[in-house]
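Down below are the structures I want you to see.
The same chain A turns up in both complexes below, where it pairs with chain B and then with chain C.
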Partner chain A sequence: MSGTEYPKEILESLEDYNIDIRDFMPGHGKGAKLLLNFNKISGLEQVDGVILKGREIENGIVADIIIMEGTKIEEPVHLCFGVNKETGVQEIFPRIIAEDNTEVTVQAHCSFPKANGLIHKMFGHFYIGKNCNFTYSETHYHGENSGAFVAPVAYMYVGENSVFENNFNLTRGTPGKVKIMIDIYAMKNSVIKSNIRAFGKSKKDSVRIRDSVFLEGENARSIIKMKAAARDGGEVLMYGITEGNAPNCNGHVECNEIVLGKGSICRARPFIRAIDPTSSVSHEASLGRFPQKWLDELLAKGLTEEEATQVLIEAMLQEE
Partner chain B sequence: MKDLTIPTIDQKCVIVNKVSFKVKEGSIHAVIGPNGSGKSTLAYAIMGLENYKPSEGKIYFDGIDITNMNITERAKLGITLAWQEPARIDGLSIPKYISLGVKDKINLKDRIIEALKIVNLDPERYMNRTIDESLSGGERKRVELAAVIAMRPRLIILDEPDSGLDFIVIEDFLNIFGKIKELNMTILLITHREDIGMVADHGTLIWRGDALLTDEFPKVMLRYCAKAGLKEFCKRKLFNGEGACFDEDYIDRIFREEQGL
Partner chain C sequence: MRENTKYHNYRFIGKINVDEIQPWFDFTTTKPWDDPEIPWILDNKVRREILIILAKGPKTFQEIYERVNFSPKPLLITKEEYDCQISYNWTKKTVENHLMNLEWYNLIKLINKSYKLTIPILSTEETEKLEEYIVKFTENWITIIKQLGDEVKEKLGDLDKKTPLYEILIEKTIEKLYRILKEENLLPNQPNLKALWAEQLRKIKFEDWVAKNF
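This part shows the complex of A and B:
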């Protein structure tokens, strides 16, 4: 399948993120790929060391993505879940397994440029083995109508001595109604980095994200960074949860949210718990507006307050 | 500015009291005085910051009364300020930051690279970095200078550019001020250090909120020393030996005058 057979609207929808999905189409790039066009698999390409299987079901797919033991690949595995319709239901049931001693990045692009009553659900299981270096990045675009309902749930197990980075970005377009739940279980000596960014732009936008890390193994470490902005009546609620349940584990939750315009709401609910006396868990949160000094510095360069605020929001929500 | 008076936010005290002086286009004009004399307050008032509005007096720029203009309007006229402790903002790249005030976006990259070179930052090392905590104090100040140079403003207010810097960096900064002047930009230099001020063509001495003297900088500095009773310092560090501006008798006379003798 050539890239041009995939809906043009989806291919072009992530340009604001500086992502060109065409770079990941079958026939382009070297990585493994799985493309879903609404409820149909429209592209599947495997590479050595990566097994990709997908089976269509009534409203979507069940998929297995397996990184075989010892596989270290530079090209990311690409998953594209697009819907170029206003309404409908898309359900994804992925099972992602990274066997021991693997190094891989999985990039998922979820784009619904015409969403106006569209439902996208995901129920994912991740198993990361021992001594892995695994990055999972999910970038969303839900169109400009605040018309999507998106509800991903993911359970993630991270094995001993592994580094797991989770990135979620929903900063372009309008989110609509979004409910995300992520549970990450960290084993001995593992390192978890979770970065969540979201931007609610109208009173029809409601984003609720619960990102939980359970430090279950000795010396496990984690940091959750949640950054959000809400404007013109948008609402963002972020739960950052970390439990230190093992000796010498160390976790931190950081939440920064900016509120712009009347009726907008940002809420942060960090929940931290330590049940081992040698563990350490902390949190910090800031909500409200940008410091006036930051704004003044940009105004002194000739920007209006609105332009300065936009620059600061983009900086805050920038991928690291 | 003419008879500029700036009160505290609660309006109970006066920080700057009926200050008047002119800054000559294309010059470096130092505002010097001890800590707490009102120098930075003056800088913020000229830039138009919200909490530094004058209760009396006027600020003119190129003959236009800008007293009631906001920061953005003043910046668009060609006034900008390089901050004493510029903010560090995660995610804001150095090239993006430098480009913010550039009106003409044609050849933007060249303009950014040129500005970085003027402040002695290697573009190859800094084009991919952000203005976050990873920059040292000196690096962040250089990026701030690069951002204002790229704007090509007509007046740059430099608020205590030397604070927190070691003497080697300060020497380098003095050279950068010279380069800025060569680009026909006027500098209003806020400082309390004599070695920084010596690059200035003219100066104004601010003392407890009052502007005591506006003149050639050496004369202003001499008066500052006399006011502070620093005769030996004055003779030893400023006006002795090669390049001395005044003979010893003249210095003695100024000190006697200041003491009312």
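This part shows the complex of A and C:
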């Protein structure tokens, strides 16, 4: 399939993230691919060790993505869920199973460049086996009208001795109304890293993200890093949960949020629970403005206050 | 296991007030999960699974432990095409921790080495049995609401302009109905008597939908 069959507006919509979706299209690179244009599968490419099967439904797709045992692939599995319409409802039901001893990155792009009353929902399940190295990165673009309502729910299970990295990025364009729920269950000796980035830019934007890690196996470890900014009336709620249910597990929730302009609101709700007496969980959160010293340093270099703030937000949202 | 601390007074002793199948998110209503009434104890899928297991009757620790572990299945790919080898096995210690939590919050109790629910949890089939009477109750309510429509408009018209009048009326009526039913011993005199729903029920519905459609 050539890139021209997929809407140009979607293909170019992640430029602000320095991502060109064309680089991930079928025919480009060696990774497996699944592209959805609203409710039509526009591209599907399989590679050795990866089974992809999708079924179109009225408003979206049901899909299985299986990474077979021992598969190690350098090129990411690419998923693109785009809608090039102003309104409508897109529902996607992906189920990803990564068998034992696999190493894979799944790169998902969700783009709704014209959204103006558009609803996107996901109900996804991720099952990661033992001894895996699995990265799931999801980059979103919801247009410039604050007109999307995006509500994904994902349940992720990470097997023994596996490393799982989850990255969610919604820092370009306007988010609209976003409610995300991620539950990650970490088994014995697994390591979880979850990075969430979001930016609410107007009073029509409301981003609420609940990211939970349940440490269910002995020695499981996790870190949730949530970074967000709200400006000009935007609202952001970062709700990071870590629960230590097994012996010697260890988890941490970190949340940094910057609030700018009148009417903006940032909220953090770290919720940690130590249930096993040998578990250890912690959190830290900082909300509010940037330290004046940082701004002063940039102002001294000739930047206006607005430019300096923008530089600091960019830096915060991009840092590891 | 019950220690006697000052927190004892804050322990959950009523019935859980959750009236959505998946209270933190529902596809049709998109009702948010961030409402404060959601008890954190139910955040965890393992604890919800334990409650679902106990909904079928009292179980010993070993019986619960054997039922908590699971192996995933693909949605579309058949077993002939691919047979999943992954399984998730919780340790006895972790299951024990979850049970202690549920017991501490008074959602289950241990009697003669068997765990038992202290709250009602309905299965999908049981819920479906209720449907006939839910429809009958609703139809009668609608008839009354329609019959009294003109009278309400005439007497409460001013109020209707500035408040969601019917929402208030229905809520207050339900409160009164509960009170009278309790006075007449048709409902047990306990606070917040509502059935607890669980996300697994939603999952079963979703899997039913997949099974029927694909």
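The criterion applied here is as follows: the second predicted complex is superposed on the first by the 318 of 320 C-alpha atoms of A that agree within 3 Å, B and C clash if a C-alpha of one lies under 4 Å from a C-alpha of the other, contacts with A are read in each partner's own complex, and residues count from 1 in each chain.
Simple rule for what comes next: a residue touches a chain if its C-beta (ideal position, glycine included) is under 8 Å from a C-beta of that chain, and two chains touch if they have at least 3 such contacts.
Note that the coordinates shown come from a computational prediction; the quantities given were computed from them, not determined experimentally.
When both complexes are overlaid on chain A, chain B and chain C end up sitting side by side without clashing. When the two complexes are overlaid on their common chain A, residue A:Ile97 makes contact with chain C while staying clear of chain B.
Of the two partner chains placed by superposition, only chain C is touched by A:Phe214; chain B is not. Between chain B and chain C, more residues of chain A are touched by C. Contact with chain C, but none with chain B, is seen for A:Ile275 once the two complexes are overlaid on the shared chain.
Within the superposed three-chain model, A:Ala315 lies in touch with chain B and out of touch with chain C [touch as defined at top].
Once chain A of one complex is fitted onto chain A of the other, the partner contacts of A:Asn245 are limited to chain C, with no touch recorded for chain B. Residue contacts after overlaying the shared chain place A:Tyr155 against chain C, while chain B stays out of touching range.
Annotation: apex chain A, arms to chain B and chain C, angle 130° (C-alpha centres, rounded to a multiple of 10).
Once the two complexes are overlaid on the shared chain, A:Lys188 sits against chain C while remaining clear of chain B. Of the two partner chains, chain C is the only one that A:Arg55 touches; chain B does not reach it. Superposition on the common chain A brings chain B within a closest Cα-Cα distance of 30 Å of chain C. Chain A makes touch with chain C in their complex at residues 51, 53-55, 57, 62-64, 66, 69, 91, 93, 95, 97, 99-100, 121, 123, 125, 127, 129-130, 149, 151, 153, 155, 157, 159, 179, 181, 183, 185, 187-188, 208, 210, 212, 214, 216-218, 237, 239, 241, 243, 245-247, 269, 271, 273, 275-276. Partner chain A is touched in their complex by these residues of chain C: 24-25, 27, 30, 32-34, 40, 43-46, 72, 74-77, 81-82, 84-86, 88-91, 93-94, 97-98, 100-101, 206, 210, 213-214. On chain B, the positions that touch chain A within their shared complex are 47, 49-50, 70-72, 74-76, 80-81, 83, 86-87, 89-92, 96, 100-101, 103, 130, 147-148, 151. Across the interface of their complex, chain B is touched by residues 291-294, 296-305, 311-312, 314-318, 320 of chain A.
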